[in-house]
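Shared between the two complexes below is chain A, which pairs with chain B and chain C, respectively.
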Partner chain A sequence: MSYFAAALAWLFVALALMVAGLGYPVAHLASPDTLVVVHVVCIGWLSIAMCGALFQFVPVLVAKPLFAEQWALPALGLLTAGLVALLAGFLGLGGRLPAWLWLLPLGAVLLVAGFGLVVVDLGLTAWLRPAGPVRFVLAGLASLCATVAFGAIFALAHAGWGGSIGEKLLASGVPLHAIAGLGGWLTLTAMGVSYRLLSMFMLSPDVDDRKSNMTLVAGALAIAVAVAGGVFAIWLTAGLNVVLPVTGAFGLAAIALYGRDVIEIFGTRQRRQLELNTRMAVLSFASLAGAALLGLALILTGDFVDHLGAFAFLAIFGWLSGLVLAQLYKIVAFLTWLETYGPVMGRVPTPRVQDLVSETRASKWFVIYHVAVWFGTVTLLAGHPSAFRAAAAMMVVGLVGIAREVIRIRRLADVARPLRFPDGACAPHLLCARN
Partner chain B sequence: MTEYIDVDVRPILRAGGEPFSVIMAALARLEAGQGLRLYVPFKPVPLFAVMADRGFAHSEQALDAGEWEVLFTPTGAKPTASAPGKAAFDAWPEPSVRLDNRDLDPPEPMVRILGAAEKLAPGATLSALLRREPVFLFPQLEKRGYRWLGGFSPDGATYELTVRAPS
Partner chain C sequence: MTDTLVDRIRNALRVVIDPELGHNIVDLGFVYHISVDAGAARIIMTATTPGCPAIRFLKEGVANAAARVPGVRDVDVVMTFDPPWAPARIEPIVRASLGFAAVN
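Entry: the complex of A and B
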């Protein structure tokens, strides 16, 4: 729960910055201000939420406890401290703070330590039973290592400690860092987790491992080509003109295969009535498909570089953030239910998980959020920074609503009074879960 | 083609006897590659895990009057070193409650199993059919001192769980 709370707090920070007009599209895509917003979103919000979800999810998948339960909190501390140092370093680069460039390598070291704990802990846990969705998680963790390694080299290079290799990588390796992070770490992991969550909540049979393997292989090849091929190309000073189209082709194949698998899960489901997290996940799948089509269209028209920001915005906020928010809503409800009523279940009447949530009230906030994201993408494509800020403000409205719903779940505010605290049940703490 | 040795433990059970030693004795007499065809008056779920540890896959077929014919086929896998001994499972009685939770929405199966488990007499068992491995249920059973055995049916569509109350 601390991970989810920290992640949501960072998402608010990012949206506040966007509403205030900091970073892209007001500033250039590679400007320090844009780097601040991008890293708040990708590390603060998405990576921390993903780590929190994986700490819950991987032990369930392998039916074994985490390798080291007690590492979770120090890892969160290191990640938070590292991110703050990194952001301060970026602000220094942009002249908004004194130029203490040593903050960047310091941030990198803290982030390497934090993500290192996460990778070792989850990796050793996942390795016990490397089947099904866990393979996606392992591929995601490998991509995370690549992402962090790139980031650390960039941080050293910014501080002037990177040597000629660091300079060379910083000059042309940024797309590789972004592909490994967004595509490998966040997207592959989110895909893996969604396979199991979707079939669990819709009572569908699991997707055949051979099919999900194809999706994984296509995705992993995209990342491997980008990382290994990209580094090789930079070493040869050949540019990324060959590597990026190959990566894109594998990436599109992975998204298409994933789409096929998701449609199969929906098609074979036993449960006709879909829960909110699944219905809202559909909106994020639409964004993923939209991002793939937009990327393809931009490449074909030769406008990809000009509209990279719009593409990344749709992928980050529509697909990844949308999926994480939808599943977060369900995960918090389920964990809260288990934490509060698990010990007394079967002994006294307990509420159902559905009694902890109010889906009709919550779904309107999700819809506002997604519409705002699509509106924001259009404003970016059309080049209207002020309209974009309005879209970001609308996203904040949706998000405040979602956060309020999540807090109500933690407080059991929607459970009918007589059932709320049966004998032996005790109220969950807002930020710390007991299980 | 696997050759099967027949073992019918229905008379032993009807007489109130204990069939485990008979089954294990028959197992010891099997030649390499031979399987076991077992006739039982109930589905012997706890036995499946024991046999799997010894390198046998099971497939079962319902006969009339709730009786079962179970084929144990050697898989060629080496028996695991820590195969649970006779003491661990031979005393599990026939389930006194049977639940079919396959068509319930999660987490309703878990609620029903815990509810039924609370009502079991000491040492009694219940069996439940599920669609997936009930991973969230296991810690709750553990906290309450229950033991359980479970596994997927050969087609992978049904998870069979047997829970035993602490005696």
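Entry: the complex of A and C
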């Protein structure tokens, strides 16, 4: 729960910066201000939320406890401290703080340590049963290692400690860092988690391993080509003109195969009524498909570099953030139920998980959020920074509503009085879960 | 006498619900077998999916509910996934209320 609270706090920070006009599209895509916003979103929001979800979910996938449950909190501390140092370093690069560039390597060291704990803990847990969706998690963790390695080298290079190799990688390797992070770590992991969550909540048969394997192979090849091929191309000073289209082709194939698998899960579901987390996940799948089509159209028209920001915005906020928010809503309700009512089961009547939520009220905030993201993408494509800030403000409205619903879940505010606190049940703490 | 006790245990287990599906585990078909021998109850049950975080609580809840039945001195709850649970095991009236596919 601490991971989810920290992640949501960072998302609010990112949106506040966007509303204030800090970073892209007001500033250049590679400017220090944009780096601040991008890393607040990708590390503070998405990576911390993903780590929190995986600490809950990987033990479910392998039916074994975490390798080292006690590592989760130190990892969160290291990640938070590392991100703060990294952001301070970026602000120093942009002249908004004193230019203490040693903060960048310091941030990198702390982030390497934090993500290192996460990778070892989750990796050793997942390795117990490397089958089904957990293979996506393992591929995602490998991509996380590549992402963090690139990031650490860039941090050293920014501080002037990277040598000629660091300078060379910083000059050409940023797209590889982004592909490994967004495509490998966040997207492959989100895909893997969604396979199991969708099947579990809709009572669909699991997708045949041979099918999901094709999706994973296509996605993993995209990342492998980008990382290994990209580094090789930079070493040869050959540029990324061959690597990026091949990566794109494998990436599109992976998204198409994933779409086929998701349609199969929906088609074979035995539970016909869809809960809010699944309905809202459909909106994020639409954003993923939209991002894939947008990327393809921009490549075909030769405008991809000019509109990279719009493409990344739709992928980050429509697909990844949308999916994480939808599942967060469900995971918080489920964990809160386990924490409050699990220990009194069999002694007294208990409510259902669905009694902890009000889907009708919550769904409008999700819809506002997604419409705002799509509006924001259009404003970026049309080149209207002020309209983009209005879209970011609308996203804040949606997010405030979603956060309020999550707080209501933690406070059991929607549980009918007779069942809310049966004898022996303890009220959950807002930010820390006991289980 | 023993059959009556088995029925009383089965009824007592209706206080335990699956948190996701929101119905009691007896009507959902989670309880595979109940037997009693000299006050020692043995219950074999399942859950919707292996690795579900609620399994520990379901098992403890079943043990708690069965232990409260007069005449039961000891309870042994065994969790199995063989055979795996399927929606076809749900009581028809509950299945209809849950909105399950007609084919099931």
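Following the convention adopted for this analysis, the second predicted complex is superposed on the first by the 435 of 435 C-alpha atoms of A that agree within 3 Å, B and C clash if a C-alpha of one lies under 4 Å from a C-alpha of the other, contacts with A are read in each partner's own complex, and residues count from 1 in each chain.
Keep this in mind: a contact is a pair of C-beta atoms (placed from the backbone, for glycine too) under 8 Å apart; a residue touches a chain by one contact, two chains touch by 3 or more.
Not measured: the values here are computed from a predicted model.
A.B. asks: Determine, for the superposed arrangement built on chain A, whether chain B and chain C clash or fit.
C.D. replies: Taken together on chain A, chain C would clash with chain B, as the superposition shows.
A.B. asks: Taking the superposition as given, does A:56 touch the first partner, chain B, the second, chain C, both, or neither?
C.D. replies: Only chain C; A:56 stays clear of chain B.
A.B. asks: Applying the touch criterion given at the start, work out whether A:272 contacts chain B, chain C, both or neither, answering first, second, both or neither.
C.D. replies: second
A.B. asks: Regarding the shared-chain residue A:343, is it in contact with chain B (first), chain C (second), both, or neither?
C.D. replies: both
A.B. asks: Of the two partners chain B and chain C, indicate the one touching more residues belonging to chain A.
C.D. replies: After superposition, C is the partner touching more of chain A.
A.B. asks: Applying the touch criterion given at the start, work out whether A:77 contacts chain B, chain C, both or neither, answering first, second, both or neither.
C.D. replies: A:77 sits against neither chain B nor chain C.
A.B. asks: Report for A:353: first if it touches chain B alone, second if chain C alone, otherwise both or neither.
C.D. replies: both
A.B. asks: Where on chain A do chain B and chain C both make contact?
C.D. replies: 60-61, 63, 200-201, 203, 270-271, 334, 337-338, 342-343, 345-347, 350, 352-353, 435
A.B. asks: Which residues of chain C touch chain A in the complex?
C.D. replies: On the chain C side, the touching residues are 13, 15-17, 19-22, 48-54, 56-58, 60-66, 68, 87, 98-101, 104.
A.B. asks: Which residues of chain B touch chain A once you look at their complex with the stated criterion?
C.D. replies: Going through chain B, the ones touching chain A are 103, 105-108, 110-111, 113-118, 131-133, 135-136, 138-140, 143, 157.
A.B. asks: Note which residues of chain A are touching chain C in the complex, please.
C.D. replies: Contacts found on chain A: 56, 59-63, 200-201, 203, 269-273, 334-335, 337-338, 341-343, 345-350, 352-355, 435.
A.B. asks: Enumerate the contact residues on chain A facing chain B in the complex.
C.D. replies: 60-61, 63, 200-201, 203, 205, 270-271, 334, 337-338, 342-343, 345-347, 350, 352-353, 435
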